[in-house]
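What follows is a short report on a single structure.
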Amino acid sequence: MRVLVVNPNTTASMTAQIRVAAEAAAGPGTVVDCVNPAMGPASIEGYYDEAFALPGLIEEMIAGERRGADAAVIACFDDTGLDAARTALTIPVVGICEAALAAAGMLATRISVVTTLARSIAPIEGLVRRYGFSERARVHAVDIPVLGLEEAGADDLLRGAVREAIAADHSDAVVLGCAGMARLGAELTAEFGMPVVDGVGAAVRFAEALAALGLSTSKVGAYATPLPKRYTGALAPFAPGARPLAAE
Amino acid sequence: MRVLVVNPNTTASMTAQIRVAAEAAAGPGTVVDCVNPAMGPASIEGYYDEAFALPGLIEEMIAGERRGADAAVIACFDDTGLDAARTALTIPVVGICEAALAAAGMLATRISVVTTLARSIAPIEGLVRRYGFSERARVHAVDIPVLGLEEAGADDLLRGAVREAIAADHSDAVVLGCAGMARLGAELTAEFGMPVVDGVGAAVRFAEALAALGLSTSKVGAYATPLPKRYTGALAPFAPGARPLAAE
Amino acid sequence: MRVLVVNPNTTASMTAQIRVAAEAAAGPGTVVDCVNPAMGPASIEGYYDEAFALPGLIEEMIAGERRGADAAVIACFDDTGLDAARTALTIPVVGICEAALAAAGMLATRISVVTTLARSIAPIEGLVRRYGFSERARVHAVDIPVLGLEEAGADDLLRGAVREAIAADHSDAVVLGCAGMARLGAELTAEFGMPVVDGVGAAVRFAEALAALGLSTSKVGAYATPLPKRYTGALAPFAPGARPLAAE
Amino acid sequence: MRVLVVNPNTTASMTAQIRVAAEAAAGPGTVVDCVNPAMGPASIEGYYDEAFALPGLIEEMIAGERRGADAAVIACFDDTGLDAARTALTIPVVGICEAALAAAGMLATRISVVTTLARSIAPIEGLVRRYGFSERARVHAVDIPVLGLEEAGADDLLRGAVREAIAADHSDAVVLGCAGMARLGAELTAEFGMPVVDGVGAAVRFAEALAALGLSTSKVGAYATPLPKRYTGALAPFAPGARPLAAE
Amino acid sequence: MRVLVVNPNTTASMTAQIRVAAEAAAGPGTVVDCVNPAMGPASIEGYYDEAFALPGLIEEMIAGERRGADAAVIACFDDTGLDAARTALTIPVVGICEAALAAAGMLATRISVVTTLARSIAPIEGLVRRYGFSERARVHAVDIPVLGLEEAGADDLLRGAVREAIAADHSDAVVLGCAGMARLGAELTAEFGMPVVDGVGAAVRFAEALAALGLSTSKVGAYATPLPKRYTGALAPFAPGARPLAAE
Amino acid sequence: MRVLVVNPNTTASMTAQIRVAAEAAAGPGTVVDCVNPAMGPASIEGYYDEAFALPGLIEEMIAGERRGADAAVIACFDDTGLDAARTALTIPVVGICEAALAAAGMLATRISVVTTLARSIAPIEGLVRRYGFSERARVHAVDIPVLGLEEAGADDLLRGAVREAIAADHSDAVVLGCAGMARLGAELTAEFGMPVVDGVGAAVRFAEALAALGLSTSKVGAYATPLPKRYTGALAPFAPGARPLAAE
């Protein structure tokens, strides 16, 4: 089994962290192919960055499938480009917000999501609604930029925000709302005495699961293969039916 | 990894079928411990049977955890006793309706669920709502009793019902709404050219995933360990804090 | 008119209290037949107890209908076994949570529900959603066990919790979230100057109403009479079509 | 017990029919005070008529409470003026759509509402949402004007529409969507073999129930007594705090 | 372009204020025809006043259309009589709550609505739901009567309430929940650094827009022209098909 | 007033059509600045094309604001990039799906949306939910590609699909679900006798309205100005805080 994990931002140190979390979570015998695009934003904080992460992300998704991936994970908590990736690929594609909520929902009844910046609350609330968790999950921000999560003191601020969120929501599970928090899942689970779910690990495992079950993305509805058509400008290589991308 | 799969009805031939599907889906090295209760209904068709399946189901769940299960699956599409089992156990517990909807939701946008009898539509619609799929899934019945699924002609009736449901719902994925349909998932996936998800396999894989991630059922909210108290009559052995059940 | 009221736990002193409330609420000429099962948990606090209350509860429901009940009430705020009871009986069956919310909804716009333990919040929120009150009702816990409601000081704690809930929710009605609080409805209505609804009384009156209107439980859908089938073990006597239960 | 029933249209023959249904449904010893306003539309078919039915309706509600009513019913399926009446009175006020849905919801899982004209579908769907039945009830029209319900052939058209609605909705209960259909409830219940609920009877019984329980309309929120203020023109007598209305 | 703006209460000084706001918002060349009924309540505070504002409001709406209006606005934040007015007129009719929410929803993600009295919260929450903003908007009250908005100190109380609402809701836009607050929109927008939307201006502009696009109220569904019928008493002149109202 | 209208696909003939519709709808004195990106897909049919339309679209949005636009419209019925554009600009930005639904919702109660290809149904249903129209609007496809709308016979196919949608939905308004259908709005409104809303015109007018009211996009929440950060590769020029884009 080969699982593609794409960090849709271009920060290699964050990709390295995500790789560690993904490999720790992956099943025996699974190869994790963890990459980030060469083009795009250094971090994804809100709708704007998300838009410009898409071309690089999709390119890496397509390239990863060509390298032989059996399933794929998008390792940004906005589930950036999830629908577009599903049209582009045939293998299952799982988002880390989607996976984290699904996992938490199987373990607890009320969920606190703690993300980085306040500007990400509304996009994540949109995902909470989309995945059917409106009545069970609330979204909070710790007010640290994505790339600030590794700085001294960040972990303590996150701990504090998690504690406040649990108290405010009377929740019995927490979801870490950024791929950059992946390394803290196990530690905080122990510390808070309830499931603290990291989406990277959950998505890797769920993606493996779908592939192992022989399932692939549906190609008869909204995720049908993109229709061949002319693309122009810098993005022309992405035109469906155009000459192949990365792998050549 | 050891995954407990409990068929909550008492029909051993159906348990055998479920075991085959569970073992086919389980990851390498996973032992499937597939059982059914000695007490309760021969099949679960509607709310009444569900009520009387609970004591035997919970007994088997507790016994299975004591035998060393790392995760558990309830193999009835009503997700019979899912909440009660979560309070009784510490390992993750996954329902097959829950898992099938989660899987289908990661592969497609609109889902047709096809179950056995019309009387099961309302209970399953309740689950569809609970799991957040109201806007994406519709429930249909093929009008075959659970124990009639193995009879001659049943597969063709099911095929017809799936075809009609896809047409009516403009769906791009199907969920098989009974554990007794598990053997047909792969075959119908090929035949209909879209994901046809069997919940038994999905639940086994998702339960494995949760356990592998080191997650367990939250014990601080609605799934907290049952409070010690007096139980009377035939069910006294089930009192929380009472002498152990089956295994002893 | 004969109204069956079943307290699904096995604590006779609580049944006695419920009987008083039910008789106080019943219409002129109505006989209240108030019982509790011989088997099952001494109180229902969360999903686990609920599961083990079901067989005893259903047995009493069936026996009560055979004794001539025209309508039935399930006197636990989890509306334990409501759907299963409806399949088993033909007379109308009303839950006290269901009745209390319906009553409060006819008298006010925003409703605070105050129950006993925090672990019951999620199950009751599930009922709030099911009955269509998600946008109007919030659920709170006073943090007293069900059987502690009669102890000294409990009433004052409950008063405090009601006061806080009204303030937090800006509510104009309160629902008492446990059958054991029934005796306090009238007193708290006067004290708080707004409807404080006890579900036992409301359910008795609404059950009477349905029977008086000549209505009975629908037998053509999800509440259809259970199909005859084999039940095994201690619960075999409950098999639909089996030899009669309690009354013989 | 004295129950006020106000038909908000001005057609005395329809009021007479409603009185028959209300008296048939009322409990022993209950006096039904059934009236209609002197001013307003002859029938209520859509939003416009509803608006002009309000002043006459409220006048009759206030007058009826002054005559000693213990509870009140608004006998139009649009639940015309329900909120305004609740601010004006202290006794409980029940709408027939509200009561019929509540009753049907205690007896069945899926509900077909059959009303008169297509223009009433949207207003009634608004009520279905308000009362929390969006997921359980669908609204249909038979395409007969309100005052045409008594003409030859109307009953057969209604029967046909009920039959079609049940088939389309896979429903297990029907609600008659007009006060003018009240006389048919029992007959159609027998004919269709499932609850066919008339709102007039249900509302009378539920209103009685609330009054008997000692409950009244909440006066601390949106139903608080109207603030004294100047009203001008023909409606000046309705000003809160003005000289009394009809009865004096 | 001629836009009719009806203040449904009878307070001329408030109408004058609304006229100023409407004219300030109207497009070049638009004539604002701003009136209030001669009959009805001096202010609309809750459901009761709303009911008695309807006949006068509808009369002015019809008269305004006869005077040549191309579009109409109902200038009360309860959107009093919006549906009835749409059946009575052919030109587009826009409510100020409806317009303010639509505008705010195009500029921001989370909306705080600040209205006058607590008793108006529930009616406005009903509108928030109706217009599809349940997940994005919260309603607050400043606790000043409608006609008290012009008194000394009222603006400061409103400012305080807006500040608290933004903090509580983490909102990025505010909607002023009373036509009497219209003059403060621009000032508070500057002061709070986020859109503070006045519904009067928004509704005037949106009504102009609909008329300019050549659109009118749909006459084939729930807004179909009222059916001719007999009205009696003081409201007889309003009978659809009766002799014309105001203009003659 | 200057309104920017960006067709996010690269087909100039479609931009020309949109310009005609936008200019026809614009208010007196409004200059319409209608453009399309140089880079990206020739048409937007589903999630994949949408992703690759974003960079070119955002570039044109930013360039248009720099040219002096007072408000902006995104002229694709998927409301492609709406949230990202709102973070990038300060002027109001309106999507044509958003505007069309808002307009139709002010004129009718039930809405049929008719789009081009079936693969666009799910994305548009996502918008219907987002804008709060789930209970009022249904989405249908005519099964013509976007660039096939101008071919012979396409209009008749569309007419047929509209007719079928109205019949299936019992709708009283139609929304044309593609910018390429804009020219047909008035004609079909006349033909079907109900509002047939074109989103291009509606969005131009609503965008004008917001700008005229002095409102701009909120910059304190999810639409806050993107944070300065490094972007790499072909998209580096889009980095917030980077050297200006197109206009230089």
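Just a few scattered comments:
Think of it as A, B, C, D, E and F in the order they're written, each chain with its own count starting at 1.
The rule is short, and it goes like this: contacts are C-beta pairs under 8 Å (C-beta built on N, C-alpha and C of every residue); 3 or more make two chains touch, one makes a residue touch a chain.
No experiment lies behind these values; they were computed from the predicted model shown.
Under the contact definition, subunit A and subunit F share the contacting chains B, E. The set of chains touching subunit D and also touching subunit E is given as C, F. Distance between chain centres (mean CA atoms), subunit C to subunit D: 28 Å. The mean-CA centres of subunit B and subunit F are about 44 angstrom from one another, to the nearest whole unit.
Multi-chain contact residues of subunit C (touching two or more other chains) are listed as 86, 109-110, 118, 121-122, 129, 134, 170, 221-223. The complete set of chain-chain contacts reads A-B, A-C, A-E, A-F, B-C, B-D, B-F, C-D, C-E, D-E, D-F, E-F.
On the side of subunit B, the complex with subunit C involves touching residues 10, 37-43, 45-52, 54-56, 58, 81, 83-84, 86-88, 118-123, 126, 129-130, 145, 221-224, 226-227, 229-236, 238-240. Against subunit E, in their complex, subunit F makes its touches with residues 25, 27-29, 86, 92-94, 98, 102-103, 105-110, 131-134, 170-173, 185-186, 189, 193-195, 197, 201-202, 205-206, 208-210, 212-223.
Against subunit C, in their complex, subunit A makes its touches with residues 109-110, 135, 170. The touching residues of subunit B, counted against subunit D in their complex, run 118, 121-122, 125, 129, 134.
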